[in-house]
Amino acid sequence: MEWLQQLINGISLGSIYALIALGYTMVYGIIKLINFAHGDVFMIGAFIGFYAIAGWGLGFFPALLLAMTVCAIFGVLIERIAYKRLRNATRIAALITAIGVSLLIEYGVIYVRGAQPEAYPDVFAKKSFDVFGAQISSQSLLILSVSIVLMILLQFIVHKTKIGKAMRAVSHDMDAARLMGINVNNTISATFAIGSAMAGAAGVIFGVYYTKIDPLMGIIPGLKAFVAAVLGGIGIIPGAMVGGLVLGVVETVVSAFGFSLWRDAAAFIILILILLFRPSGIFGKNAREKV
Amino acid sequence: GCNSSKDAGSEGSSSKGGDVIKIGANLELSGPVASYGSGIADGVALAVEEINNAGGVDGKKIEIVKVDNKSDAAEATNGAIKLTSQDKVTAIIGAATSGNTVAQAQIANDNKTILVSPSGTSPTVTVRDDGSVNEYVFRTAFIDPFQGTVAANFALNDLKVKNVAIYADNASDYAKGLAASFKETFEAAGGKIVAQESYVAKDTDFRSTLTRIKAANPEYIFIPGYYEEVGLIVKQAREMGIDVPLMGADGWDSPKLVELAGADALNNTFIINHYSSEDQDETIQKFVKAYGDKYNGKSPDAFNALGYDTVYLLTDAMKRAGTTSDSEKIKDALAATKDLSLITGTITVDENHHLIKSATVLEYVDGKQTFNTKVNP
Amino acid sequence: MGNTPLLQVQDAGIQFGGLKAVSGFNMEIHQGELIGLIGPNGAGKTTSFNLLTGVYVPTEGEILLEGKRLNGLPPYKVTRLGISRTFQNIRLFNELSVLDNVKVAYHSLAKHSIISSIFRLSSHFSGEKEMEEKSIEFLKIFQLDKFKDEKAKNLPYGQQRRLEIARALAAGPKLLLLDEPAAGMNPQETHDLMELIAFIRNELKITILLIEHDMNLVMGICERIYVLDHGQLIAHGTPEEIRNHPKVIEAYLGEEVTNDA
Amino acid sequence: MLKVDQIDVFYGNIQALKGVSLEVNEGEIVTLIGANGAGKSTLLKTLSGLLKPKNGTIQYLGDSISGKAAQGIVKAGISHVPEGRRVFANMTVEENLELGAFLRKDSKEIHKDIQKVYETFPRLLERRKQLSGTLSGGEQQMLAMGRAIMARPKLLLLDEPSMGLAPLMVKTIFQIIEDINREGTTILLVEQNAHMALSIANRAYVIETGRVIVSGTSAELQASEEIKKAYLGGH
Amino acid sequence: MKKAKGFWLFLILSIIVYGTVQFLINAGILNPFYSNTLIFIGINIILAVSLHLVIGITGQFSIGHAGFLAVGAYISAIFTMKLHLPFPLALIVGGIVAALAGLIVGIPSLRLKGDYLAIATLGFAEIIRIVFLNIDYVGGAAGMQVSHLTTWTYTFICLFITILVIMNFTNSRHGRACISVRENEIAADAMGINTTFYKVIAFAIGSFFAGVAGGLYSHNFYIIQPTNFGFLKSFDILIFVVLGGLGSLSGAVISAILLTLVSTFLQDYPETRMIMYSLVLVIVMLYRPQGLMGTREITDYFGKWKSAKGGN
């Protein structure tokens, strides 16, 4: 029973990572930017949801929608102000800018409201289901299903819709995309809007599930989500999902063996091993540069 | 926000130097434990404001010179050097963590500048590896072994449990110290530790380790750590059906704990503390009110209270020493502190610059701390 | 040298997933020859260069240089054994100067060690000096010496192609592989290039294998021509034979062979 | 149809085009020849809105399009097949074709046009589900042209369509260019292969270091000794 | 000729800088705050220059440099504090062990590129940190107390050697080989460069000096804890290199100096410190994405200035 429980624990944890990683990988997939500020947009989403629920008394779903909307706008603003100018600069310059933006958001929020944490109010009646003696909470089911639905939705958007095709075209060759009549700026904005809305949603769900939110809460999940995205093959949407779940389960299993202090190390060791055998992640196409 | 008010202490600051008492605050204002450092800073600011409004010490107003050590030992060292050699402060308050305090200890000694850590609870803050005492370094919190012992005795004698688990924050020497002294006392008295696990600060998911602990069937779990994680641990433990008594120490003390864990989950948990914000004692209530007035109705936590007390500990020594600038005399006065009544307890400084102060065991009942027993050292 | 050919390719081939990009490829090149390799787009020409230079490891067959087996050697070892190349899509070291681009190719011929460079021992100075002198000599042959301090990326396209060839030569090859050297050149530039290739073979005595779609060039200077189609060798012979080979006409040249110019 | 008047185009501080003027009339094939780096591609990029001219005007069907964004120009009926093909490598052949019709809304007609492209380039039909990055050079060139046709352009800009192609393929491509033109699309063709280009074009411009130096009918240029020497390899 | 001249200039300049600072310290004009800031700047320059070799020269996207700093810091601290060996020896051994770690980390670089390599190096650094976190011999989370042994002289000598070695390495056929790997690995391979070897060598040399910096670091700040070496520390070092201009050694030096000063100066504004720091970062990147120096070296300007004069 203990092991079944641990597996369930791992999947719940993993679906949180997956949720954040989905937006991460999507933005990466389109503009090849490691958007370190993604974790901070996630934090902003968590706070918006918190103020909406605790301050203005909104219900969970309105709060979720509000957080997604605000984060979408916020994401677009970040892109327009900080990243747009750097489209033709080196990738690493864009990365440093992203780190700068990330610090700015974190400490901007601390400046405005202080560093102390906030506790999410309970929005759902707590329910646990008993499966062969293991407990599954209604919340972890919610997270898992939201992640899966969002993954399918994203996959659909990117591969089946017109805007999705435009995104992929832009990701490969901006000028050629322009020649097709694609508005590159709008397409990139749409990408950021969707990715940031996902981060916002993840923030609210995280808050509901784990209760505690604080201005620096985005750093570690952001990093883990990046790891998850790379693990699955960065830029590949189902990869982010699987990467997140693998990461969650690995961490849980390591803790379950009593090595909880080593769990981050274990996560990274798994990452490195997978990359050594599959240098572009689990789902990544091993695209060798054609000579 | 509250930031503009944070600097209240430096109102009336002037470059004359003679009529102000410069005190440095070398705190974790950014980085991973920014919330501890800024909590202390808020408490310090309140105390300074009160003292200055009441005319200061010896007619001189206190001016706080803050530096941010980014929760990093190297920056803490830099900050201490800056405060001693540039700003020439009389005393430094900080840092929040033992490690960042140790990083400043030698500088304080070398420059004959007093260093008081509000919340550094490791014995190594004041006592060096070779057993000698850092003459100029003091603290406002009790040291770890004391609380661990109190908790172990309480478990054995009051709760009468035999098989217990320990779940400690491995990223803080505070929690590790508590865990070690708890274990030592508890095992010496014939108790059995059925599971000993650790987590790392900033973790949010404790379910897998709690699942392990649950499988070991403890009758009681000792959880030394800070409220930010403990709140989540208590909540997740209860959700998983762990309903044995849980216990922690002063790191738990914060109104946030109740919000994080939920009042229900906190029933049947115990905490060792310096004081309780629910304590109806007059001075404590006055402090709670003053704090709320200054910071938008917020209720103070242990870091706020310790920051606040640190200023009073310092000014008490200055008054007794009869000087606000002669650090040697102030240091001697600090070392001779005896039965000083502060918010976080009545304290006496011992020869190792450790604090002798009474501890209170409180029980959470429906989200309120209620008095259980008082333990004297 | 005797009768061992410089290069022997025996039944070599490679698969990518299900796709047989090259299979059953046989080729022999003797010292001093100038050979053409042609075929439709996607026939596997560049891929066969990649096999020869170690970029891809053949899944079948053997590749021998002066009787030595090259299969599985990494590209840098193949280069050191004597095969160097240019790329279909130019691959210069863009941020390095023209001179340094050539010096890099001299790298494996120099001896001074990391230690001698770090401590600036005399072997460092003599080694670097020798590299510099030889590199400049090469640049002179290609009339690139006046650009020697320019960054490679700032050269006009035609000069970049020449620099690529110069760099490949500086690596000291016995066999030089040129992948579409005339691509993107106008007829006049192509003509100059032909003279340059002839010079390399005749004066520098370097054996050359080249891929090209410009039939004037291929038919004009190559002694023998191999024709690939769908990864298979479909013909092999003198320019005259190839020009009239029905399979080649069908797959590559098209009905009437225009032989303008 | 298209009238370019005295345009100057810069890359940062480098001036790539210096007062270039030219005209393309409806139904024509006009070719632009010149050495490497002369500014041919720059001109096409300016026409399709990827670059903005600093001075001068571009008139298309009577309206000024200088400085207009690329998508507006595509909408107005100008398609550009860029140098080096620039197909979307990680998308299938069919997706590439669909992207060509990005601004169109008539999905039925789009479908028909895709079939038409497959008729023109049977090779693409065979490969329709293949990722275009794995196509051979010639196939990619066909795809790039097919993709441009999908926008139903009135004016098609072609930048070195024969580059790197096998002789047979070059012939095919030129054949297709003539076919497209016959069906009513005006063509502005940039070529290194001046022979072939002049053989199908009505008129030609020769461009050198950012300036138009000669213009005339194809026949005139083919006859000119100087042109022969410099661009046709006549020696 | 030209390069030899550069070397002498560098040497003379170094001696002047060292001598002046040492004199000012002895004369008591530079108080401990300033001299400590100088030491800190020195350490940061060593870190920046060592990472410059890996990222700027060899083009290997490594964002886990703090891991090597940690190895050097802990190993050297063990040598002085536990084994009671002399400090200079501890510095060297710290560097060597860090270089070994660099060799190991260099191995994934043989298979990984770009962002994948980046995350792998970051992962390695985190693993190193977690290993120290779990070793009680070095104090675990509480950290290890270290005596203050770092002086301006030690720092300067290490700094001098670091710059000299990396400069000499870069300006040789070996450095060119590394740059060719950065510019186009496939072409470098085709030109006979053993790309594997040079990537690993760059990692090893880079981490050796990061390890030396670690020794100076731990003996300057009284205590080392695993939290000092998290990925944010790695980012700090990365920022020096990128802000200075990828591929420019003098750029790395200048930005390490500037940023350390900015950061120290901002200590007086604790509430807005990180906000201002991040703004500086973003604004510099927006307006100078190629970094302060681009790929140039300070000597290029010098040379131009000189030749301009000569031309007159």
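We call the chains A, B, C, D and E, going by the order they appear; numbering starts again at 1 in every chain.
As a working rule, a residue touches a chain if its C-beta (ideal position, glycine included) is under 8 Å from a C-beta of that chain, and two chains touch if they have at least 3 such contacts.
The UniProt protein names, listed by chain, are A, E = Branched-chain amino acid ABC transporter permease; C, D = ABC transporter ATP-binding protein.
Predicted, not measured: the structure shown is a model, and the values here were computed from it.
*Asks:* Could you tell me which chains make contact with chain B and chain D both?
*Replies:* Both-contact set = A.
*Asks:* Tell me which of A-E and C-D has more C-beta pairs in contact.
*Replies:* A-E
*Asks:* How big is the gap, in whole Å, between where the Cα atoms of chain D centre and where those of chain E centre?
*Replies:* 50
*Asks:* Chain B to chain E: how many Å between their CA centres?
*Replies:* 37
*Asks:* Using mean CA coordinates as chain centres, what's the chain C-chain E distance in Å?
*Replies:* Comparing mean C-alpha positions, chain E is 41 Å from chain C.
*Asks:* How far is the middle of chain B from the middle of chain C, if each middle is the mean of its Cα atoms, in Å?
*Replies:* Those two chain centres are 73 Å apart.
*Asks:* By the touch rule stated above, which residues of chain C touch at least two different other chains?
*Replies:* 55, 87
*Asks:* Among all residues of chain E, which ones touch two or more of the remaining chains?
*Replies:* Correct list: 133, 186, 271, 273-274.
*Asks:* Going by the contact rule already set, what residues in chain B reach two or more other chains?
*Replies:* Residue numbers touching two or more other chains: 3, 29-30, 32, 170, 200.
*Asks:* Could you list, by residue number, the parts of chain A that touch chain E in their complex?
*Replies:* 28, 34, 82, 85-86, 89-93, 95-97, 99-104, 106-108, 110-111, 223, 226-227, 230, 234, 261-262, 264-265, 268-269, 271-272, 275-276, 279-281, 289, 291
*Asks:* Spell out the part of chain E that touches chain A in their complex, as residue ranges.
*Replies:* Going by the criterion above, the answer is residues 55, 61, 108, 111-116, 118-120, 123-124, 126-127, 130-131, 133-134, 186, 231, 235, 238-239, 242-243, 246, 271-275, 277-279, 281-282, 285-286, 289-291.
*Asks:* Which residues of chain A touch chain B in the complex?
*Replies:* 2, 5-6, 9-10, 12-13, 16, 107, 110-119, 122, 126, 128, 135, 137, 210-212, 214-216, 220, 251-253, 255-256, 258, 260-261, 264
*Asks:* Quick check: in the complex, which residue numbers of chain C touch chain E?
*Replies:* Those in contact with chain E are residues 53, 55, 74-76, 79-80, 84-85, 87, 91-96, 100, 103-108, 110, 112, 114, 117-120, 124, 127-128, 131, 167-168, 171.
*Asks:* Touching residues of chain C toward chain D in the complex: what are they?
*Replies:* Against chain D, chain C makes touches at 38-43, 88, 156-158, 180, 183-191, 213, 215-216, 251-254, 260-261.
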